[in-house]
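What follows is a pair of complexes built around chain A, which joins chain B in one and chain C in the other.
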Partner chain A sequence: MSSLTGSESVLAEADADPLTDRLLAHPRPAVIWGGVAALLLLVEAGALAEVSLRLLADLVGALPGVGDAASVAALADAAGGVPTLLSRETIPNQGYWNGSAYVGTFLGLQPAWAWLIRVALVYAYAFACLLWVYVGFEWYRTHYRVADWTPRDDTVDRLRGHRWGLFGLAVVFMFVTMAVFAPALGPTTVDQNLANPYSHQISYWTGSEVATSPVGDANLGSRSQGNAQTNVGPWSYDDFGRFHPFGTLPSGKDLFTFIAAGSRISLVIGLLSVGLSAGVATVFALLSAYYKGRVDDGLILLSDSVMGMPQLLLLIMLSVVLAGTWIGNLYSGAFVLALIFAGTGWPYMWRSLRGPALQVSEQEWVDAARSFGQTPGTIMRKHMLPYITGYLLIYGSMTLGGAIIAIAGLSFLGLGVDPPTPEWGRAVNAGQEYVTTASWHISLIPGALITLVVTGFNAMGDGIRDAIDPESDSAEGEAGGRGGGA
Partner chain B sequence: MSKWRYLGKRLLMSIPVLWLGTSMTWFIIFQGPIDPAANVLSNTQTQNTERYEAAREQLGLNRPPLEHYLDWMANLFTLDLGQTWLLYPGSNVNALVMDFLPRTVWLGFWSVLIAVFVGIPLGFYAGLRSNTLADYLASVSGIVWRAMPNFWLAVILLSLLVSSETLLGFDWDTFLIDLPSGVTGNPQLSYMAGRPWALLTQPGETLAATKKILPAALVLGSASMGNEMRIGRTAVLETRSQKYIDLAKAKGVSDRALVWKHILRNALVPLVPIITSEAFLLIGGSVLVESVFGIQGMGFLFFKAAIQGDLPLVGTLMFVFIVLMLVINIAQDILYTIIDPRVGYEEA
Partner chain C sequence: MSRSDAPAGDGAAPDGTDGTDADGAQRDPLVEVRNLKKYYEDDGFLTGDPVKAVDGVSFDIRKGETLGLVGESGCGKTTLGRTILGLESATDGEVVSDGREVARLSGKQLREWQRDAQMVFQDPEASLNDRMTVGEIIREPLDAHEQGTKAERKERVFELIDLVGLNEEHYYRYPHQFSGGQRQRIGIARALALEPEFMVLDEPVSALDVSVQARVINLLEDLQDELGLTYLFIAHDLSVVRHIADRVAVMYLGDIVELGDTEAVYNDPAHPYTVSLLSAIPGSHTGTDRDRVTLRGTPPSPRDPPQGCRFATRCPARVRPAAFADLPETAWDGIDALDTVLRERASLEDGLTDRLRRSLGLAADANDIDEVVADLFGWHPGEQSPQEGEGPLTSEARAAVEDAVRFARRGEDEEAAAVLREAFGSVCNRERPEAHVVDGDGRTSACVRHTDEYDSPAAAIDERYARRDD
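Let's look at the complex of A and B:
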């Protein structure tokens, strides 16, 4: 110890302190951060509780013979009653004109403005949360972390200066926000407008009086079918005074609500499938890098065989074969789709991870750990895995974009996610005949959004790659980002 | 390892891949949760025990699985593809494939060609003029082009061409070459049946068939085009910073020779595996593009068989696709060993 210089000995001493001691010694920033974070969470606590309970209810309902789904669902309903800042009840946009003023909308504003305010607030809230997480990281870095500098700081700094990557990050974040806040973002709800339009009533101004009508009838009166008479375009009101930011579908249903709900299912399938295939690919990459030889050859053979079958065709075949089974009915068929994706997609990711994993396995510290008598499992987990997690992020991001395209492609063909559940590809399909007519929005808007989101995921992947390893410029794994050609 | 041994190893490797892929297909189709025999019959026919048993008999489902498996594999490997049930009932699959495959090959050929002849020059152009406005424009459009879903692009292009007279100011159907059958439908390839040289001797028909397939090929090649552009750009940038380029410059090689002889030729090497691996995407994408443009090709056939539940046909077609992919793979390896003499030495 005596040979250490002053600052180094401080560092070594502090190293022994656990994080809690450091927090207690200097609590101010942590308290401020925690307070603001709690505040941010509190305004949305009701929605958060409702969503998590509803997920639990779905899970309980899906597993045969476990627990009581109804009681969990009742709890979820109760949680839905807790007032939240960004809900449609706080800032309602579904009102009607009674001849002199708007009734039932936020501050008596036009439905369009009320909706816009809610959307703006939701996005402001989401970005505030993101910013606060980043502030938390910065404060931790300056106030609590022992080391002044770690290699990860450079990665973060490089990402901060990477405009293209930041663009991707912003797009992806907005997409995720859309998926998370889907019920609050739509100008109307899935249940009211898409699923059970005839069990809901709306009031509207006929021109001389206020009348009521089932939503289903209103939908029939606001169809978009190509000619100027039957068309409700983007950013317009229909004859029933309802506002449609993206226009309506040929069936008269609201396109924005459809897209927002569809983004949720795309994201769930995408995350689940990429998570699963990343898990499989990582385990296999570590195994083939550590054992090499026979294990590696066997895995090459297996992955070549899976890749030998065109991914999209395999998806079609498996979704047809598994459509009627119990697993095929979970979450409108989304769950089995994610499984199929993972099953057919892991070889692409494994290929990309195998190279980096092989490089790590050649390092001296792996040899050292082996001669120390550590078990293969520990070596793979502790001494090899940390070096390939970065690549996992890159390829995961790109594969997610591809998964979104492929899911949309399948539902465009009428496969995959079961029909009443909204999915982007189905909107493209519904608007197929109307592209060059007044109802161009039905196909064009969802397609443009898919393009934007996929570009965002690719850009984010590029940004992370450049941040982690500025030297590399590999085009590998790009095929994985294409969703099997959909 | 010499390149011939490398090539031999790759060839040998494709045999177990073919076997494993086909076996997986058999397992999914015949041991999966769906009864293929009940599926190929209509509802009323399923009630009829006699018909049902006959179908099981003919599909070989009442035999032990192992025997059935061996029989099925033997049939496929001897290229006896059996017959269809629901789709074009009772026709011979071999004949069906021979009928549908040329259209897909024609489509694939043109989409690869378009991708190569548009994507690579654009990428090289962007690479040679890096960090100019033209470069940014080309790069960004390449990235966006790559992210566009094929089926969406197909829908838009089709609608544009169908109403081209009012929207674009010219009628696509009569533009340059007269196409009475409109934008959608099959390209007329029958004039080449048995006489492949007709491709050159009857240029009128070739042009008509080309024009017919062009919109679909453009859509199908779009993703590859964007990819090849990106990689072409990086390849040029990397080649430009090589030392031998400096040497050539110092020797006083003219700019034109520098670009054509030293930069572009070497930048082509990393593009070869990209072009062939894009072919994988073409097969998958052909399902969507063929169904939008109404081309009766292999992808269309596969999709129809899948949604109508003709599972035996789905399995057989999957085998054909696996063979197709392996052939492309081997072609890539051969091409690569010819172009890049370093192949095989690195892998060892």
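Let's look at the complex of A and C:
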């Protein structure tokens, strides 16, 4: 071999550079990209810090006997004071008419316009972030990646030309943005309008003078209960000069704020439950495909017995049993809900993944890896997992849609997330008796949104599937993973 | 089992001999295979017999040689290669290398064996993970065995890429971007990464274009010279094996029937199966009569191989009982064909309905067997007792056939086959032949005709073809 060692070329050494060297050799795109990142971050730094600290405070408060939540919460409040561009403080929409001009709204605009500007800016910001990620990928591809082509490139290119998939992606993007920026998007806040309306005051123009009233009283005056007198429909002001983009609930609370806050909890439960069940399903699918035989049989038995459990009964039972315990109270009961979804939902996803995993395990490269003594763990991770991640994304996104429906369904039945935490299903439930009346918006708007979001997740799943495997037909017979639930 | 860095100076390297096998007999065995068996049990609970993919083979692979392993597809040669490597667990027997028994290795010794012995797979499309770059693929064995630092591994990969005739810029490409021949080079580089001394090449060129095949073969030969490798070269393409192998082992139905120096085997095959196999290559040898030896039918199922010699059902030189010495060749053709039919029917009737029908006496295929006999021997057993001298059979032989047919008409095909074999069978059907040394270089052939009692296979085949011509 000595004669061969001497023959390595200059090219070999140049190509062997780690990424940092390649970055240093050609820094311009990376610097621009990093600069944009800093800018995007700066604008929202305060909100980011506040959100993460608040999550921490919730966690500390929820865990029994750990630390002191108040100090963390205080820290979060302090972080909340850092000015952020896209906050309700910078672009306020809550103000009142004093007879000659709007007081307290952004640039003295009508509350509707001020709100609209903020929403538009939030979405523009989210879109900029998305673009930033995509441009980052493109630039990495053209400037820094050594491989001029990877199998993933084809997948991305195919997804780019998949209209139905892009539609799904757009819907999911809108939904996720709504969930992430929920506090900034609502025309009012959860605390002020929904949770503690009597601890807040608003000023309003009575027609002759500016008066103040507790929000709770104002809500009573802006109820939507079906007849023309007591109804605040979409895109209208109530008697207190407050703007309601989606109208109000039968209790007079703002529907848009309710939905925005509800989207967050839906997304969190959905992501948590799908993430957990996907993790379990993936590990089990790899194990059954690699070891086959006994391991596979055992997992079949386990999954069958889990699938044999009545999911709804389990949910009701557990929510009763756990009610009042710290874990039951975590995130208004959403955490337990996610755990139950994950615990009962993984067999469906495992079944969907097991086939593809078995197929990969039969490939010769798995044999080849075994022949030179690669460890089972690495074989599963390197030689099998990449071939089922596509399926994971497909089934994951479809299951997420299912989970959102399931959560809404549970709240509709009065189960699941504890009131008064906003949840879409509860809005549908609250408005169901007014569907044929002037207050149709209470049920219909959240209902339509649920349908749209679930369709979006499914469309995204379809798009990913077609992008990964161009030969597969969209009308595939095999059902995707099931969301499970009511 | 560590190899010095300068293989040219290695005592076991075949330098100077240039592929010929002049000192072959003195070479030490690198791998000793002893009575190796690999049976596959079915998972199903209704099936009975296991598939006997490898059924008791013994041979040595000598240091620095290329041992060719040939046979029809399904004869168990790939399974044999994989079992030797330890990719399949042996049912019985042992594989010994350097004092280590491969099947029982674990821990550190197993890791060592996995370094010393590598495999190149048949299908370069399927044996490379196409989500990894070429560099990652070749580096993986090094990573798995944690050899050297990261930089050293990378260095080594570039070395290997160079060694198998690829370009360094290929490091960051994906297998999709390569032709079949290049992909096989990647597979070879991966196999070489851990500096093995023994490689199992499982039909490494059969998936490639003919023009590319030669180049990959040359690469393998160069690598062997340079690195002192020992090859087990599995192939069904006989001419490729003749080109590359020092010795060749011929495999039939889980058994090695002949093993010897390549040129000797190709020029003067000893075993009837080798004779038949080689005569399939046009112009492969000079014996005029033997050019026409054809391999009839297909191999029997490895689930239920013939009891005596595995090749007895198709052998052109099968020993015949003295009582029927006068039967013409056409009669023997008919008897062999009838035997095949009965065996096939017997293996098919495992189904429940068949057994049910048989117990009810409803052998619906009674007519079929009559038809077969009529076709083969020119008389219909269901209709009349035949005239003397009609058809190719003597009266004695006909009586035996009638006996068998009687069973077959009742649907008892297994018994029918047994009766037929009782009458027309011989030592070939009863005893599994031992391997006999057939020439000065230690070539072995597993056939009873190598004992003094019988004519040699070549003589027997020549005689039968001569009779046929009369």
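In this text, the second predicted complex is superposed on the first by the 440 of 486 C-alpha atoms of A that agree within 3 Å, B and C clash if a C-alpha of one lies under 4 Å from a C-alpha of the other, contacts with A are read in each partner's own complex, and residues count from 1 in each chain.
Here is the rule we go by: contacts are C-beta pairs under 8 Å (C-beta built on N, C-alpha and C of every residue); 3 or more make two chains touch, one makes a residue touch a chain.
None of the values given here were measured: they were computed from a predicted structure.
When the shared chain is aligned, no partner comes close enough to touch A:W132: not chain B, not chain C.
When the two complexes are overlaid on their common chain A, residue A:S443 makes contact with chain B while staying clear of chain C. Measured by the number of chain A residues touched, the leading partner among chain B and chain C is B.
By the touch criterion defined above, A:W365 lies against chain C but remains apart from chain B after alignment on the C-alpha atoms of chain A. By the touch criterion defined above, A:K382 reaches chain C but does not reach chain B.
By the touch criterion defined above, A:F173 reaches neither chain B nor chain C. When the two complexes are overlaid on their common chain A, residue A:L313 makes contact with chain B while staying clear of chain C. Of the two partner chains, chain B is the only one that A:N458 touches; chain C does not reach it. Contacts from chain C toward chain A in the complex involve residues 5-7, 85, 87, 110-111, 114-115, 118-119, 121-123, 126-133, 140-141, 144-145, 151, 154-155, 158-159, 162-163, 168-169, 171-174, 176-177, 187, 190-191, 193-195, 227. By the touch criterion stated above, chain A contacts chain C in their complex at residues 1-2, 4-5, 7-9, 11-12, 15-16, 146-151, 363-365, 367-375, 378, 382-383, 386-387. Of all residues in chain B, those touching chain A in their complex are 13, 16-18, 20-21, 24-25, 28-29, 32-34, 143-144, 146-153, 155-156, 158-160, 162-163, 167, 223, 227, 230-231, 234, 270, 274, 277-278, 280-288, 291-292, 299, 302-303, 306-307, 309, 311, 314, 318, 321-322, 325-326. Chain A meets chain B in the complex at residues 300-302, 304-314, 316-318, 320-322, 324-325, 401, 405, 408-409, 412-415, 425, 428, 432-433, 435-436, 443-444, 446-447, 450-452, 454-455, 458-459, 473, 475, 478-479, 482-486.
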